């Protein structure tokens, strides 16, 4: 879970990157970094926290130059620490290599072991650093060295690189993560999602294709394709939960897809209740689709506190169900004696849902039904979504009936795999559905841990 | 615009006050303060910023004692500075006087002048300080002195006081601002809105009545009424904009009132468009009522960025319509070629609406109509709502047609005064509507400025 | 223990005050404050800590105006807290009263009680605040009101005031604390010590006389004398320990006085050792005088660490005699097998000396003799020097022999009272020697505590 | 200019390192770092600023383990930045390499170029990093690899390393910089100077010898000597200026050496003045020796402000000779109409002396003579002392007469080279005197810049 953004050929390149990262903040809240290049010198700033906490106007102004790239991070491989903030910067023989990476590699362990035996010293535990060492050991020219290095990588990557004065966008052959190309006046933009283009007023040109390496330089664009072709494996969970609703990714709009999932859910599991309500904000749009299709009135039964997210003192045992209450306050005058169906986008551990349902019952709700706009989550993701371990995914070891009783529902239904694919607004054969099915498009590590490289 | 909260008789009194202020954060984001009393000593902490920024667990723990009160402030009288953060604390002859005040007094100038001539030195420019000096000059017993002091005040006040080991709730005879009494186990709670009772799990008992002074002490409750009775003048703008939707104030729920306003709006000004959409979040609930009543489909045409509110670099002229975009991103695939009616809760200056409408047109909307869920705002508030000056209120000097053209709408309609009062869920004769009509329930200062006392 | 400084009629008045306070830093390290007046508005900044920590260039620049005054504080009356930082500022009937006070009043309790009964609310626990309330209750013109107010004060005060556009210097009738007048171009300066004049390049004019109130205004200087005359009671401890060696106070130089005390000490108690050494830095100058007079070679036996004073982790029990070692490191090659006489300026509790002597013995010193350049300290000071309580003053309850054994010395001698007075470079009858003799020049409070006003 | 310190086998190892660095603070004020090893894990903390600013008790407590090392830095090679703070840490094949380096290498450029061509990526611009890469490319066992790597280095190094659970002390074959071994109970200590042993109560065992590599492990000490022997080249400037006076280095005490230099100075250039005075604090001890030998009375003519060094606002042109005054205030009553000889340890640019002499003359001094306790500084140092460039060294391009007139002296004399060596308390043939003579013991880079590696 990361966001990447790059700009080539704009006088305020680092300001644009700042805005791009701001629009992509939902893809990674842990740390942020921006680097710029003015033709001679690389400038760099990074820090733990939100984009708006890490940067200020003075810092952005100091990041001079017409090429810039940035990264929002939510740690997948590599522990959470200041050292591991991207973009990764290496200097070698007087040139700079800058790497911003969204996704997760699956053959990191072997590549790194091999490089260390050749005398390489690694600075970080990020899998992205491997790319720099592969380049440092290559005797080829710059572009060929990049193609050679990326050919050795397995797994998921949407990359923005800055090497030898060129901005480079690259996407693995499966296309797990999104990456698009935009244009603002005469500048080129690379972004994880189109919402970042919208914010800076750039127009969308096209997606970087799976297996494509796009070099953006003074002489324009040059596209090279990696030799090996793979079946497309777009991450379907980007649509269900991760991407911003106002973005178009993989060729479809996220908001409209979520409404479509809600409508399909109403068709698969019709029921009769007094009201349909979302759990704000995760199920909002699926709930709207569900209400439209079912004809049940949509009602806001719980109000979200706008100030949640701010650091907060935990009053431990003093207040019952505090964690729910501080985010969501049920309106008794709306809920009392009602039969309610609540719409969720997904269930991970089930513990949050359990408390929310309890809070609804305490507010006087008569019946609580739940409909989930995707199938049960049962398998870990090796391609960059930071699910908990398989053991913690409630659906990987429990039946739907067990989960229904655990959460305390009158009924529970998940959207079917077929229904989910049918509701998609682009051809269904393009998706990776491994988290629901366990059918991984690549070989996956036997022992997997996001801190694997810490112990090398 | 302030929030007040008090607790009597709870071992974790200051923790509860912290949570209460957190729930009332929307009533004042500028500063926050909490004081506690353990029977012998007053402890105090305050600072500029949000409740969660001003306090941490260690500070709350240090605020010992079973009585505590707190205040969120958005400056009305008195300039914005650390010195003016409430609760106000005075020591006099070995006793403590603590004052948390929501509202605005209208005879401050004369009371203060008189006290200074008697030798009083004022520490702040807050009108609330006057209460302490009135008490210091009185020879009566404590409760009588309080009744005497409050009798001299004119204007709006909902007060929480801590004097001589008693927690005191008081509300002016008009009842401009809300104040309610709750109970948690054997503790009594005073709060501006019921949402603060909900968060700590307290039950609602009743509102403090207009003109009531409620003393909460070891021997229970004692209620004294101010001699002079006034016609109730509840602030109707609390329902339209200011209070939290999940609160009940003045005897009705805010969310349901807003939906009711939206329904009335649809009845008064029917029209035919493809979709109805709110400007998030201000018009959300009125839009839902409007959609229900009109049958026009509700659509989320603009997505709100969750990270807005964080400190942010202004990219000046680089990005067009940036201020709107950073908060709200229109979804082109939803809006293109549509006829849209947008629902607003109120229009103050009109400048924000103007830019939003422009953004919608750039996203391809064919027609933009606006419906506002209250009448035109034309008069300043002397009772605690921080409107801009009369000159800045667009409707005080321009016709509706002029405003429609200024904002760039195809049509614009405001809810009628009669319609607004009719849509209320409590009897309409109880409200102050001075901001719409100019009919002030009290005498008002001829020259009014919130910094008036700065120059004394 | 405080430093005061004021400037009248200079374009960079607050910069000069900053420098003046910097030069007077030794008089109070706890807090600092500076106020300025530009003819219309008072500006103010203050904080806990050293002058250089509390202020920066931006703050000083913002303190506009040609009149300015400042204060360094080491708490005497009034607890140590941000609220009690001086200068004290009161606003009353549109005018400003600013007070910077060095010294300690002895009739605070009664004055304050009386004022509270008249309805005054005190903001702080500083005795200086009383002056403002006395002025607020007066009906006289400004200058007469000041004379009237100061007449009511008992005890020690060297004051710098800013009232009605005039800078005022005042000193109690005994003259306990120093205060001098200087000139820089056409500006007048008030300062606790001449070293502050030196730093800004101002010339010394004269001391403010005991009982004098000097008004510095647009029309020049106007001096008023308090009616009651007292015998001079200059604090002799300013010479022995407190004032800076490069200052002239009460008409004599501090460094030369300390050398003179050392020479007198050598005359009173001759002995034969291998070396004489100071404990840096307190006994440096007396040791030089002692060496000159006695002919014993001066040697630096312990080196002072320049970085001491910085916040420091205490390694508790891990390192023996750590507190001494971290400040002073004995040089074994200098000390081994030597007979040493060490010179101290004074002994308060004796505990520090004890450890230092132990450290010297561990470094191989054969004999350790100590000579102290003042008589035994036996009585508390009510006039502004923050000695510990009488109980903690080692000499108030123990004989010199007992102290010698407690510290672990081979011999110990204190300078005689007569010797001390004889060594002074100004007439000896002008001094307060109460801390040595218990002969207080004024009535003193029976129960005295520096936190007395906290409980009012 | 750096300080290094290491501890092997103590339960509070990192606390001791903290204290050691504190005692060595004068060797580098720019940054500080401490690393610890508990047998399995390396922990690390570092930051810009003084030791006491970079660390607090909580941090030190978190640096667990019985082996620890630390570093104070004043940048020589490598720009001043957080990235370049030592100790340098590299991980390679699961093991940690930690390096703390005092001194400066002279063949960095070639070693680094060679390593980069083999694919190494450097993280910093510190010459010390080269050691880690040399180790990573070696196939030998750990101890042999270290001997091999150090054999390739040219220039000055006193190193403390932590590799494979062993603490290693190493000193180049010339012995430019000091490094000593101490013992505290059963723990071994490595330190730049003995004053750091004193502070923690450790006993001095011996110096690490030139060309020695001392491995301290579980099985005790193992000493290996580098094959190539060199003529000793102890830095004489450590005695003159750099080391702490209470330290013994290279076998002699620094304080006693400085007094000896002062005595030699009095013998070489006898004169008759009223007083001899040091410029505090640099010439203090030479002045004492000078006074003893010459019989001229020692007087403190200028008082040093204890608070200097704190961040400070520059009052630009407002105060004449401000920079001197803020540090040193001349006592007019001591200096007026006197003939004075001032003792300096060295003259670098001469500008500071010029202003000080001017200040003395303004205080009324009749004659000012200066004696300097070393010969003229004429050549840059390539071994770790951060002199300005040759151009800025006043004596490298001007005669003594010119310097005398520039500073404004009545007479000026430098100690002779022979006199300086004669005054040393250890055999004179052991010293590097290149900064006075230009006779460098090693080959030196033709183009030398401390930021050389920045442009690689």
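Just a few scattered comments:
Labels A, B, C and D are assigned to the chains in the order they are written; within every chain, residues are numbered from 1.
Everything below uses one rule, namely that contacts are C-beta pairs under 8 Å (C-beta built on N, C-alpha and C of every residue); 3 or more make two chains touch, one makes a residue touch a chain.
Keep in mind that what you see is a predicted model, and the values were worked out from it rather than measured.
Taking the definition of touch as given, a chain qualifies here only if it contacts subunit A and subunit B alike; none does.
Centre to centre, using the average C-alpha position, subunit A and subunit C are separated by 64 Å.
The distance from the centre of subunit A to the centre of subunit D, with each centre set as the mean of the Cα atoms, comes to 51 Å.
In subunit B, no residue touches at least two other chains. Interface note: chains touch in the pairs A-B, A-D, B-C, C-D. For subunit A in complex with subunit B, the residues that touch the partner chain are 12, 15-16, 18-19, 22-23, 25-26, 50-53, 55-57, 60, 195, 198-201, 244-246, 248, 253, 255-256, 281, 284-285, 288, 292, 297-298, 300, 303, 305-307, 309-315, 318-320, 325-326, 329-331, 333-334.
Residues 90-94, 116-123, 132-133, 136-137, 455-456 of subunit C are the ones touching subunit B in the complex.
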